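Next come two complexes built around subunit A: one with subunit B, the other with subunit C.
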Partner chain A sequence: MKICYYPGCTLKTKAKDLDVYARLSAEALGVTMEEIENWQCCGAVYPMARDEIATKLSAVRALDYARHHGGKLLTLCSACHNVIKRTNEDMRSDKDISSRANNYLALEEPYRGETQVLHYLELLRDVVGFGELKKKVVKPLNKKVGAYYGCLLLRPSGVMAFDDPENPTIIEDFIRAIGGTPVVYPFRNECCGAYVSLKNAELPKKRSAAILESAKEKGAEEVITACPLCLYNLQVNGGGILPVRYFTELLAEALGVKE
Partner chain B sequence: MQRIGVFICWCGSNIAATVDVERVSEVIRSEPGVVFSANYQYMCSENGQQLVKNAIKEYNLTAVVIGSCSPRMHEATFRKAAEEAGLNPYMVEIANIREHCSWIHKDREEATEKALVLVRTAIAKVNLDAPLQAGESPVTKRALVIGGGIAGIQAALDIAEAGFEVDIVEKNPTIGGRMAQLDKTFPTLDCSACILTPKMVDCAQNEKIDILSYSEVEEVKGFVGNFSVKIRRKARYVDETKCTGCKVCMEKCPSKKGLNEFNMGLNNRTAIYIPFAQAIPNVAVIDPEQCIKLKTGKCGICQKFCGVGAIDYTMKDEFIERKYGAIVVATGFRPLKPDKFNEYGYADNKDVITSLELERLMNAAGPTDGVLLRPSDGTHPKVITFIQCVGSRDTSGCGKPYCSKICCMYTAKHAMLIREKYPDTEVHVFYIDVRTPGKNYDEFYRRAVEQYGVDYIKGMVGKVYNQNGKLMVQGSNLIDNEQVVIPSDLVVLATAIEPEPSVRKVATLLTASIDTNNFLTESHAKLRPVESPTAGVYLAGVCQGPKDIPETVSQASACAAKVIGLLVKDKLKTNPCIAHPDESMCNGCSQCANVCAYGAITYVDKEFRLGGGKTEVRRVASVNPAVCQGCGACTVTCPSGAMDLSGFSSGQIMSEVEAICKM
Partner chain C sequence: MTREEQKENLLRMSGTDVRKCMKCGKCSGRCPAYHEMDIKPHQFVSLLAQGKIEKLLSGKAIWSCLSCMACVERCPRGVAPAAVVEAVRDTVVRMQGANGIRAEDIPPIVDELIPQQLLVSAYRKYNK
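Presenting the complex of A and B:
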């Protein structure tokens, strides 16, 4: 099957691994990720200001493109996913935002949140199925891995509808599917410190170290994430307590497609 | 044609700010049949009512339309005024231009147009109104109290004190309710059992009170003054009249692994048990899910040892039917189970407990004999952290949107009692707000902070996790603007309270309205707070809304006053807006009787003249006017259109619809 894919800026620069291994693995699982035409930056955190319209437009353009090309939009970066999914919800349920954005874009047919936004992990769970994934694993992980969710995949939980924000299981189920042993540790849904690292590195240092410490204490040998910013903080500010990689890299390894 | 007077109320600015009342009364003046039209600031006031009365006399009005608030608010007021002026009270119609119009609209033009439509609709109806006469029905001088907690106990005692008979139906094996589980009560710290159990004994000894424990209401028929109630007496497997409460059976019972409900499941009980030492009735009961004899047929030890032969394994549920004039609902609450709140780790950590569990751990008759020990390892906790508002004021969907009202006070009580009894214990309390209005309440809370050194932290907890045997409580301190982590030995969740779930069934049986949170709705939030909109049904305690013991007791006594006021009457006026069949059209098909929720319809064989000296005997419907509640279900069911409702006839409703559609 083919699915529209929104990579986002970071995946073309700092987080190439996240993108490359995701594509290779998807092909191995029978899914072709088709990068949508002329995508622009999702707007990062800016579109979440309630009265801001201009910065939401690129997300709406991507969503509208996907509407006409299969009706689904696949995302991978946690931050892009958060922005696009929430913008989609605004277009669906917030009359003011939706009419202002539509007035500006003047699309042939106004966009009203019709597209289904899927994160890569949701694709694995709901479309491919973890059971199917397990069958295609050629090199089981055989490792104790801690899932690090961060904030953006889970919250705000009502809109994201990704998993239980306090006790998520999707990445643990993923780890199990590729032959690893998930390690549940209390800090797996704590914030890494995010953009505060630009202003005050001490805070993310403290938080990232606490996250890795918590994972290590529960026996994790490695931590995986879906978020470029989380990966940056955990690697750079986490004090090297545990190795941190993108979940797609482990997936590619398990499927035997890592080059 | 009626001679109609129309009276438009401003309701201060409630209506007049959105509806152009002058215009409404001016336009309506030219409607056919309208001979008088006026508007006034407060039509329900004495002057306003006088205006109505004077107009009735002066203009020889035969019908009155009042454009005002909901008929639930003031229909009775205006009917009474009309009656005083010599008009039949059922010749008054209310056009609700407040709740249905001014309160929900913003645009003055639109609202005024709608008010006009509503008033014209009422005029269309009043044109077809006919004078009705209220009948009378007798009052059964006995009350039913559903629920035997402190609310039910107080209501029953007060009603009995006035000389009326009262039955308490309690679904558990003993009365006493939640209050019996509490250790101490705020703000005076009296021992809960010491003030409650004498009242329980009073109930048992009062010859006017009949306690039907381990029983549930199954069916309710009838109406105010004349309820007929079917009660299920659940099989106790112990003869209440023989059991002496000696507890030998409990000592001998080999099945000891049942969760002790009274101690919130913190320890076990035997299959045959008396819930607690002061239970009323002090009679054993067998848990059929747990009893070896009842499950496998082998055992029978308790029967062997019972000195009075009270054990009967063949006992079955029994049903009794009794008549009552009034019903008090006092079904109480249960604490919300916090297992949906994964952040607090209640399901994963034995030492994360609820406040009611703490009550049992602090109680001398509890599982630890009143010594505060951690459930996990039986050690004394040295650092205890309380988390308030667990499930209260919650919009995430896991909890309740309302404030549970009692948690701030009981948490202050717990904190204080622990600091008093174990001064070396460190106590922290996380809170959003501390809400302690009430006599001596804020002083109580201040005492916890100032005298007992309880550490109150403004902020919520984001996570409780176990690290090397310590419960790490991570929360925010909003005053210092920092994140705090408190390594604790015991975490206590001040959980929300929710109405006891069985209230839904009770409400359905009584046709009493209930809100989205399962609280029973009072007739008027301010002026009729203990009455259900269903006549003859009264509300006491938490089933109506969160409240503490003093408030519950006050409300129960208020209920009792209302019940007594009803039961002293020998007769009640009945509602004349009831169904009646057109016998010439009725074909006796029984469909109306099948839908009648009150059993008001029967069938009679009647002789009809056919002309030419011939007669025929036909089966036709007959409505018992004392039982019919005027709900109208039969009128819409009747396939031949023979059934009609006085005061709400099909012709009237169609004319109302026409009046609306004309616009």
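Presenting the complex of A and C:
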């Protein structure tokens, strides 16, 4: 199957591993990720103020493109996923935002949130299936791995509808499917410190260290994430307590497609 | 703008109903930036409800909020404290000369590993 894919700015630069291993793995699982044409950076943070319109337009353009090319839009970076999914909800349910955005874009047909936004992990769980994934594993992980969810995939749960925001299981199920042992630790859905690290690095230092300590204490040998900013904070501000990698790298290893 | 107009504007930008707040403090209890904040998440909500705009606009907590949405997730009354924080932050950075980060601040702090996502998100949050 083919699916429209929105990579985002960081996956073309500092987070190439997240992107490359996702594509290789998807091919091995029978899914071709087709990068959409002329995508623009999503802005990396969802603009919460109800009068922010221009900052949402790049997400709407991507969503509208996907509507005409299969109806689904695959995301991989947690931040892109958060921005695009929340913007999609605005286009569906907020008349003011949707009419202003449509008025500006003047699309052939107004966009009203028709596209289904799917994160790569949701693709694995809901389209491929963790059971099918397990059958394709050639090199089981055999490691204790801590899933780091962070904020962006889970919250606000009413819109993201990704998993239980307080007790998620999708990444643990993923770890099990690729032959690893998931380590559940209390800080896995706590914020790493996000963009504040450019303003005041002390806060991300405390947050990221607390997350890695918590994972280590429960026996994790490494931690995985789907977010380039989480990876940066955990690696640079987390004090090197545990190694941190993108979940797609482990997936590619397990499927035997890591080059 | 009169104070009443500023209040109306903040309410509209936040899109949340601050009158629903029952002052339970769950939002602040869950906030990972609580210790760095001079105005706590529940106080953003109550100060806006009371129309204490000068106090809101002069606070420093807007620079520490992580937009992690934990407060929103926890509120039993469906209030979104994070949206009030964002409305206040946007109101401040939209004023002339009040950006929390400027283009010239960036080069000296950029290291080799910084992802584009961090530069874009900090700029979106702190600069208009």
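Basically, the second predicted complex is superposed on the first by the 257 of 259 C-alpha atoms of A that agree within 3 Å, B and C clash if a C-alpha of one lies under 4 Å from a C-alpha of the other, contacts with A are read in each partner's own complex, and residues count from 1 in each chain.
Following the convention adopted for this analysis, contacts are C-beta pairs under 8 Å (C-beta built on N, C-alpha and C of every residue); 3 or more make two chains touch, one makes a residue touch a chain.
Since the model is a prediction, treat every value here as computed from it, not as a measurement.
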Revision key, fill the gap. So, after the overlay on subunit A, do subunit B and subunit C clash or fit? They clash
Review point. Thinking of the overlay built on chain A, is A:7 touched by subunit B (first), by subunit C (second), by both, or by neither?
Key: neither
Review point. Who does A:238 touch here: subunit B (first), subunit C (second), both, or neither?
Key: neither
Review point. After lining up the shared chain so the two structures overlap, which partner does A:180 touch, if you call subunit B first and subunit C second: first, second, both or neither?
Key: neither
Review point. Counting only touches as set out at the top, which of subunit B and subunit C does A:190 meet: first, second, both, neither?
Key: both
**Study point:** Which superposed partner A:113 touches (first subunit B, second subunit C, both, neither)
**Key:** neither
**Study point:** In the superposition, subunit B vs subunit C on subunit A residues touched
**Key:** C
Review point. Touching A:146, do we find subunit B (first), subunit C (second), both, or neither?
Key: neither
Practice item. Applying the touch criterion given at the start, work out whether A:157 contacts subunit B, subunit C, both or neither, answering first, second, both or neither. Key: both
Practice item. Determine, for the stretches 26-34, 44-52 or 98-106 of subunit C, which one clashes with subunit B when the structures are superposed. Key: 26-34
Point to revise | Touching both subunit B and subunit C, residues of subunit A | key: 157, 166, 190
Review point. Can you name the residues of subunit A that touch subunit B in the complex?
Key: 157-158, 164, 166-167, 186-187, 190, 217
Point to revise | Residues of subunit A that touch subunit C when the two form their complex | key: 8-10, 13-15, 41, 43-52, 55, 77, 79, 151, 155-157, 165-166, 190-191, 193-200, 203, 207, 227-229, 231-232, 235-236
Point to revise | Residues of subunit C that touch subunit A when the two form their complex | key: 12-15, 32-33, 36, 63-64, 66-70, 72-73, 80, 82-83, 86-87, 90, 100-101, 106, 109, 111, 113-122, 124-126
Review point. Which residues, counting only subunit B, touch subunit A once they are in their complex?
Key: 341-343, 396-397, 463, 465-467, 472
